[in-house]
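This is the structure, below, for whatever I ask next.
Labels run A, B, C, D and E following the written order; every chain starts at residue 1.
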């Protein structure tokens, strides 16, 4: 009886659940059985070496690659068969690895497209400006002419201009200066307080450890470890075993 | 021509570029000696990539000059600068997507050895090229993937190929634009060691755009700080890092919005 | 040379067999098939193979889409035509005419190449189209020299005409007329041209062309002056097309806008390249053959279908023999759509 | 049996002309053999081949006809380009080719040869006829012609023929074949004509499409400028209804000739295709009759024998008596001076005969054919 | 910060995101300047033309004719350049759509041949509009299929587009032969639009005035839709990164098809206009016009409606003036114009900023 209740609680708790997901790209078989879950109102970190399959996992969740087998559940109902558009409309916001900036459009237009009703909430915008001042500075510019890092900021700004069910972020800190990374961490923390659920791919372990509540580590297309962040940070061997790094590496 | 330590291999003088109202690089003058590694740091949008673009010729300077071994190369074409030893690895990977990894490298090597215009030679018979390519593949640890199409590589692998293509140019000046961006903590070191090794050989002039401070500390002989296109500071790491102005601008100890205003 | 062929020949066994059969059929055409039609088809097939291959050098390897290719074909043809029209036909006249033509083409090619320096790739396609159209109008305006729309007929060296007999007795039951001599002359020249192209794509230069197709920005950054290479490629393919044109003039003994300059031919060539497969010279052999056979025999086949369906209202029109191009067009679309690498690409499984 | 090859475009935009020509040929053979299709006791077989209006194809079709089908002689084609491509083939195979309805002067020009017989009229004959039709003292004429061989030669011939008629050409306008906007040319012709005394005409030499309507839209009436028309196929004649009273000369309009062959042709044509015969039908028929006559006289289909007979031969056709001029094998024939009559019982404008222009009145320059 | 959930009335919301103080202005990316320059160039044409022609009546005739010609070209080119600008698709089959439009329009009008002459102005105008509507719809449908089976698979690859649409063009033209036979069709315009009327010494051809009106209306219509609405934005974004637009929850496929249909429908209308102007139609008219369409599209700057409009005017005027002043050059004048413009502005009169 109580077990049953806990079961339900479990299901309730997770915004997203992957169950032995397989993905093939062309003839390559990239993911073979990825299973992990993303608890509500927490930040889940997806770590792993290059080519482990993190991006592929994200794209599969967004429906940009079709899962060959397995289940992907959002709040309990299957989405692995849905079109990307449908998935997005269920409230998944995505920051892709390549940032997905519309270089021909101005920064403003980029952000405006990310709003459902073509209205930008001014308060939320001000908040974004405080996080990423460059956005304010280049508000009317063609986004193509932003620097690499500025693009990254824009991409993130675009994903948080409206509240969402689940935020998928692929390597946000890539190519960002430390000062900006600090802003990012602040931003994501504020989102957390604001009850947003986040799934983030991250290479910068410091950022990962600061932000993350929950983590999954993958290698060669399978999840090799899933736990809450705290216990993982506490456990030195595991870290060096799985990530081959010690906490000092990035201070 | 062997350059004496006194004369700089690369030199920029009041180098500037304007995009409409906005000055992306503003009066930057600097000299780079042979065998040194200079880290170029600065917040996003500071003008680092643009500075590289000006040196390698992708963008025409609105003002100022670039000197290579004393010669003014300001109005040389991109290709000519490349041939004379200005090497560049791009921040956003630039490969030949539908050619194999090996072919990507072959193209660079044969360009340097001046085989490009040879219409009648047989590519498959150019052993000198082949050998070099093999050793390069080995250096960037892609031997196993040499026959795969560049586009099928993972991001990390593509970054390595990107760097490999610059090495293949065997340039006097090497410009790395955030080479480790998006690499995992166990992949990055491979590349960084490679850079360290190249530096130790001592016959190159290396410019490195990098955000990771530990990396900079371990590798750089000297740091140049760019901010809003201006050269903010220039000197050995400890000194530069200790400057308040730098700590503010780069580490953003004051909220960034204050200085962009 | 052998090595060059080895490097460039597609792996697929089946493909090699097909190509070999086609080539054999061509080489022995005069003896295998009887009737002037077959010989004529074979000869034009050879010429088109060269033309298509030279175009592929541009579109398939360098990634430059030009609609001015028939312009060069035309230059060659008209040079020979005008030469033979104004001087007593002889091989020296032929050679001089061809040389002049090649120079002309080279100059035009360079001019166009320099334009492409200024504009984006897509503009290029349209500009060349415009240039080509002007060229064909010029031909009709300069009718005093070109015979205008009606084109021109002329005599060719007697050695190459049906009237001439090489031997008195037949060989394998075939009388070796000058026509057959002409055929083998064309075959010889074409073979040389084709091998030259094979050699070129097997060379480092050939690789650079691919690089241009893939990522011009990077090519420039590693030290290739892309304009030089693009122009060089244009010039090479242009001059080869010119020679092909000269051969055509020699074979047809007639040169007119319809037969060497028209957009129709340009589109045919495009079809052939695509059907054969872009970026593989050997594809030219297959593409050209398919098209030629279609041109000559598809409409016959359709005729039979047409008669079968004679009392089905609209459908029957679809099979009206003169609608053969419709089916070719459909084939074309299907080709680009299902396997953009064309037949060769298909059999080779997309190897760049 | 006697084999005749007929190479004509049965497909493409020229298909209709090709069909006319073929119907005409068959009717001609039938008429000349009294319906038996037999000459000298041999059956006549006509082998058809599609030139696709493409010189290359046309010439290889002719080759096929001569070499593989071993026809005794051949007839065709419609477009001059194809004809030019065919000329040398006839010489190589040493067999006769009757060229009809292609019109270019060069068909009997220097690149031609003794095996070619041009039964259709050539451009010059058109021009001369028009000149005869509209050339009167005090008439000012502006010429609008396509800027290529057909247009230029036609204009030249027209001017030569005008000599001595008292009419003068005040302006010549040559425009590219591809022109679609005639405002500029029209304006220039108006400027040239408007201040002239007496009758003012615009004479157009134009193959395919017609620019008249567009110039009409700029209303030339205000300077009372009129058009001189050239004859054309029935399909184009409805457009002539805009120009009642306009004059010109034509090669054939079924109501023009008055002779029993033409009466037979019109009658039969209505019977079989319930429409009147058109230009190229008449042409085809003339060839058919000529061929049979020649075979009868020569007693065989041997090329040289037939050539002997054909050179200088006169024979009866729907257009009256025609003669193959011995010097250049060009058929000399009547043309018709017409006036446009709008008659609501006809869907096209009728070309009412003003008078028949006899061959004797037209001195057509002799082609430089090498024999 | 729970403000995230608050919403504000539209007015304020749309006005809010414009922190012009502090933000770097970016005027060089607003396209006024090139447009204005082009306008001056056109005026210069007219003036020089007048200086050389002198006779006002002739000049007026030529100018009106030129403008009208320009407008007809514009109607046909706008669709092409639009499809390119918004979808980055290079449709060589556009010409076939023009032909189709012409033939459909022809058939519609000839359902009631007797209305073409003698009937009242309104009837004939109505007939005209009907013909245009129907062919717009029919061609739109064809385009819809065309997009589904042909273009859908080659977004973002120009080479493939050129190839496959060329194939499509062949098929479409052959289909015209199948449906209408391979005879060229003579098409007399309704007599309301025939001839011209005279004001003083000036002659105005009725049909050309019609073309001018239609062209101008179309131009401003288009500008409104694609500058004032969000549609343009969305599709431009989709062209650059289809996946991202999908990930933002927009059904990009539908939008693309929509644009493509609209562009092709324009070709259809253009075909009707042209067919009635030229009075004879063949399956090839479109193909023959493509050269001009390309030249105009390029001069204008591929993808720019303003540019297309201005370029069309230039070409129309130039070819008429030159045709009158130096007839010999008439042929090459447009080509020369194109080369000149490209040397001056490699991306055309009104370059379209396509990001990096």
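In this text, a contact is a pair of C-beta atoms (placed from the backbone, for glycine too) under 8 Å apart; a residue touches a chain by one contact, two chains touch by 3 or more.
Each chain and its UniProt protein: A, B = ABC transporter ATP-binding protein; C, E = Branched-chain amino acid ABC transporter permease.
Predicted model only: the values in this text are computed from it and were never measured.
Interface comparison, D-E versus B-C: the higher number of contacting C-beta pairs is recorded for B-C. Farthest chain from subunit C, judged by C-alpha centroids: A.
If you average the CA atoms of subunit A and of subunit E, the two centres end up 44 Å from each other. Our note on geometry: subunit A versus subunit C, Cα centroid distance of 54 Å, whole angstroms.
With each centre defined as the average position of its C-alpha atoms, the distance from subunit A to subunit B rounds to 30 Å.
Those residues of subunit B in touch with two or more other chains do not exist in this structure. In subunit D, the positions touching at least two other chains are 11-12, 15, 176, 178.
In subunit A, the residues that reach two or more other chains under the touch definition are 129, 136-137, 145. Residue ranges of subunit D in contact with subunit E, taken from their complex: 11-13, 15-16, 173-176, 178-181, 183-185, 187-188, 191, 209, 213-214, 216-219, 222, 235-236, 238-239. If you check the complex, the residues on subunit C that touch subunit D are 35-37, 40, 44, 137, 140-141, 143, 147-155, 161-163, 252-254, 256, 258-259, 321-322. Interface residues of subunit B facing subunit A in the complex, by the touch rule stated above, are 19, 41-46, 49-50, 91-92, 152, 154-157, 178, 181-187, 211-214, 250-253, 255-257, 260. Residues of subunit B that touch subunit C in their complex: 56, 58, 77-80, 82-83, 88, 90, 94-100, 103, 106-108, 110-112, 115-126, 149, 165, 168-169. By the touch criterion given at the top, residues 90, 149-150, 153-154, 158-160, 162-164, 166-171, 174-175, 177-179, 182, 287, 290-291, 294-295, 297-298, 302, 331-332, 335, 338-339, 342-343, 346-347 of subunit E touch subunit C in their complex.
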